[in-house]
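Shared between the two complexes below is chain A, which has chain B as its partner in the first and chain C in the second.
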Partner chain A sequence: MSWELATVVIGGFATLAIYSFLVRENPFYRFFEHLFIGIAAGFFPILVFKNFLWPKVFEPMFGFTVVTFPDGTTSAPYEPLNLLFLLPIGFGMLYYTLYSRRYSWLAKLVIGFSLGYSGGLAFKGFFAEMVPQLTGSFRSLAVFADGSFQLFATVENWIFLITLLSVMYYFFFTFRFASESAKGVSVTGRWLMMICFGAFFGSTVMARMALLVERLQFLILDWSEAMGSLVV
Partner chain B sequence: MKSAEVDESYRKRAIRAVTFLAGLYFFLEFLLPESVLQTLGVSAAHSHISTGFIVVGTMAFGLGIINLFRVHGTKVVFRRKDWAFSFALLTGLICMMTVTGLDWLSGLSVTEKNAEYRNLGLFTEAIVSDAGSSPEEGRVLPPKQVRLAKLIEASHRLAQETGSSLDVLTDALPSQLKPEKRALFQQFSSQLRGRITTIVAMTPQELSSDEEILSFGRYLNETGVLYEKLLRMDYDVSLIKKVYLFFFEGLFVSLGSAMFSLLGVYIASAAYRAFRIKTVESFLMMMAALLVMLGQIPFYEYISGDLPAVRQWLLEVPNTAAFRAIKIGAAIAGLVMAFRMWFSIESESFSQQGGK
Partner chain C sequence: MHSFERQIIYLLVMLVVSIPIVMKQSMKPAKMKSADTLFQMIEGLPVDHSGGAPEEIALLALDFGPNTKAENEPQAEVVIEHLLRKRIPFALLTLYAPGEGFLTSIPERVIERLQKEDPGVRYEYGRDWVNLGYRPGQALFIQTLAKSKDLRSELKKDVFGSPLKDIPLFQNIKTIRQIHFLAEFTGLVGIFDFYVQFFQQDGFVPLFGHGCTSITIPEAYIYLDSGQLNGLLEGIAGAAWYSKLLKDAFPKRPNDDALVTNTALGVAHLVIIFLIFVGNIREGYRWFVESHRHGGDAV
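Up next, the complex of A and B:
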């Protein structure tokens, strides 16, 4: 059996094993479920090493980015500051002190570092990403193009703004909605949010269904053909 | 105060200080004006510093793998309940790591051949730029004619090596390729042979102007790209690539797609139970979901030709607006959380526990 054929055959068995869960949980499903976890866990560290650590850290650190020309000269002098990458590597290695009873507190330095760094980054991210979105949300309430009034675009902008404000209003938990009009805005917010959830749900289901259709096509066309060639 | 308590206090302070300093960098980097950052040298080093921060996080990958081995390895060694599944997990992990690593290393050796040509292309650029400017202090450069002679010598050697390698490929590879790939191989290999002949025939006298030198550099670059295409065809039929595809496409992609599509079935079944139209909210939700789904299937034409437009409008206007409102609320909460983490308020218990 060729490797190409084996790839299709195992792909079909793997798919069927996962779908067998629809009947009930069984050893066939659990075997492939565990295999999937193992494969995914083995794939991503190498991917990170290949796409990030090697080109961004180790290549410059070992001087592999410096080209030596045939006459013995180089494209650029080696940058010794690249050796500073040893600091984050060494600091990151402190994670592994978790396995020592005596020095495990050192791992908390790294965890604290990661928490602090994500905190600082979130601050930057909020102002760099959310503020432009917030500004962009407040659209013009009367749209004109080439001097003429655009009714559809205007209505669309009104709907957008009413949805945005009423949904935000719904999430004000700091005071009670005493008046009827305040309750009305809140209820409108809830209804519009339900439309959003419905649309979101529809898109999610369709994305999953597209995957299901792809898998079924694979089983019916490719896998059945591969199994047929095995039998014959 | 006991010595252990003093130690604990120092540890707590050290953890808090490190947490604060790590957050402070990005905070200041965002707030300080560009001119100040340039004066401090932060602008030039920012990408390296950011990389360093990420490197710290990537070091944790090993923890996950070690923990998997500890948990599942113990089960396998002591033949505990369901040890066979743990064995499958560990086998998958080891095999995938090995195969992905080998695939990467083999891919590197393919691109390395192209890099040799690219480096000669870089050399032509260096010859031209160095001739037009005075060398940096302490840097001694050979005369231009000597450099050109070295360039030609290296190009000849590389072209001859490529020629020998191409002979081997032409003998062994075509029979392993599919017809369309075989035709492509013939086309690329005849182009490459022509280029090898041109490079081998090249003399330093033909590179009299800067434009001719740069043009030869570009020619070398293109030759490298062509050579890499042929080597990649060879690599695509190699055992390593086939084994890698067996694991990646046969198992990883198949299992991933099947898992996610399985969730689709469960979402649909949950919807059947949850979407009973008893309230206005459930009616709105179901109608929106129905319109989005109908607008995406090929049968929409039998219902209404406008369904895709309605779907698009639903996603772009009410959905975007409501989702943005939720996102703004969540982002404000996230900002507060970020501050709490940064000032070690959120992780009070975490920093207090010390080494225990």
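Up next, the complex of A and C:
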């Protein structure tokens, strides 16, 4: 049996095992559930080591990237500055001092560093993301194109504005206007959000169904063909 | 609802959805305006016929794994196919570790299909596309990439360990200013955000296309509406419409799975709507009977 064929056959059994939960919980489902969790947990560290730590850090640091030719010459001289990788590695390893009661304070240095750079990135990212959205919300309430009035685009912009203002008002908790019209704005905001949640729910159903369709395609087309070739 | 009834519903949905897949039936997909825009955008990208090293390339981020493969894979396939047909060189990478396998399998599958359609056509790794593999670091990586004055020394090697300075596609590529088109396919809004936030250099932002899952469509629309996105593929439906556009542009092209998947999805929707309808009628009838019974008792 080829490797590809084995992958398809096992994949089919795994899919059926996971779907067997729809009938009832059973040992077949439990086994594949644990197998999946184990593979997912093991896959990421191996990939990071294979694709990042080894080729980008350890290989250059140990000088494995330097090729020695038969005549004794090398492709490039060893770069001793690569040993500087040891500094961030050592700093990062301080995270593990969490397991020591005496030295656990050292981990706070790493956590503080991580929080600092994450905060800085988030701050910069927020403005890069939100400013275009903010300016994008300033829209013409009477749209003209090529000298003619665009009814559809105008209505669209009005709906956008009404939704934006009423939903913002709904979440405005500092003080409230007690008038009926202010309550009406708040209720409108709530109803518009309900419509939005309905759209969210519809798209969630669509995504789940897409997953089902893909698995059924796999079972009906690929897996059945693979099983057929095994039987024959 | 009884467990037995639930199981019947699961079975019914599975059986009905299987029909288009078994029969390989596809219906014309609904028109998707944002997919149209993305198609026209790629059509408008400059094509270099000189045969030399390109001055501009496209960058495709396949940030999805098996969990959203159902929707993101057909999207990535149609865009990669379009770029290959147009001879627009592109680089592939992923910030999401489980996505690495797709960087190899999707272009290989698309090229196999294109060569079956036209046996004379040839695509060469290193000239038409490059696989940069999985890149850790997420936001930090994107920011470093965006600020880099020499992408070749920043990215160093492709997934096979070949130095980028030896790869023709990267000969003239120095900064992200030479990336005229960026496409990102993911179901993870967090990763998508990193590109929106950091993939820019001194006011330069490439044309940006995005393939999202159905769940993240409402969030993706925010970016499309504000102009941060130039084109969008909305779940399977977006991929199916894009596939139809490719078929129109290249009549020899056979139908792909996206159209069948979209038809099966449409059938699934009809079943769900039908079940919601039936469930509500049943509950309404139950409420009616219960309320009349209590009313009768009271009298």
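Here is the rule we go by: the second predicted complex is superposed on the first by the 186 of 232 C-alpha atoms of A that agree within 3 Å, B and C clash if a C-alpha of one lies under 4 Å from a C-alpha of the other, contacts with A are read in each partner's own complex, and residues count from 1 in each chain.
One rule holds for everything that comes next: a contact is a pair of C-beta atoms (placed from the backbone, for glycine too) under 8 Å apart; a residue touches a chain by one contact, two chains touch by 3 or more.
As the structure is a computational prediction, the values presented were derived from the model and not from experiment.
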Across chain A, the partner (chain B or chain C) reaching more residues is B
Task: For A:42, decide between first (touching chain B), second (touching chain C), both and neither.
output: first
Exercise for review: Quick one: classify A:230 as touching chain B (first), chain C (second), both or neither.
Suggested key: neither
**Asked** Thinking of the overlay built on chain A, is A:132 touched by chain B (first), by chain C (second), by both, or by neither?
**Response** second
**Prompt:** Who does A:221 touch here: chain B (first), chain C (second), both, or neither?
**Reply:** second
Q.
With both complexes superposed on chain A, which partner does A:105 reach: first (chain B), second (chain C), both or neither?
A. first
> Looking at the overlay, what does A:3 touch: chain B (first), chain C (second), both, or neither?
Replying inline: first
**Prompt:** Now for A:142: first (chain B), second (chain C), both, or neither, which partner does it touch?
**Reply:** neither
Quiz item: After lining up the shared chain so the two structures overlap, which partner does A:212 touch, if you call chain B first and chain C second: first, second, both or neither?
Solution: both
Thinking of the overlay built on chain A, is A:83 touched by chain B (first), by chain C (second), by both, or by neither?
-> neither
Residues on chain A touched by both chain B and chain C 22, 43-44, 47-48, 52, 56, 117, 121, 124, 126, 128, 133, 137, 196, 199-200, 203-207, 209, 211-212, 214-215
Note: in the complex, chain A contacts chain B through residues 3-4, 6-12, 14-15, 17-19, 21-22, 30-48, 50, 52-53, 56-57, 67, 69-71, 73, 75, 81, 84-85, 87-89, 91-93, 95-96, 98-99, 101-105, 108-124, 126-128, 130, 133-134, 137, 156, 159-161, 163-165, 167-168, 171, 189-209, 211-212, 214-215, 218
Counting only contacts in the complex, chain A reaches chain C at residues 22-24, 43-44, 47-48, 51-52, 55-56, 117, 121, 124-126, 128-129, 132-133, 135-137, 196, 199-200, 203-207, 209-217, 220-221
The chain C residues in contact with chain A across the complex are 3, 6-7, 10, 13-14, 17-18, 21-22, 69-71, 97-98, 100, 133-134, 136, 139-140, 143, 156-157, 161, 187, 193-194, 196-198, 200, 213-215, 217-218, 222-223, 225-228, 235-236, 257, 260-261, 264-265, 268-269, 272
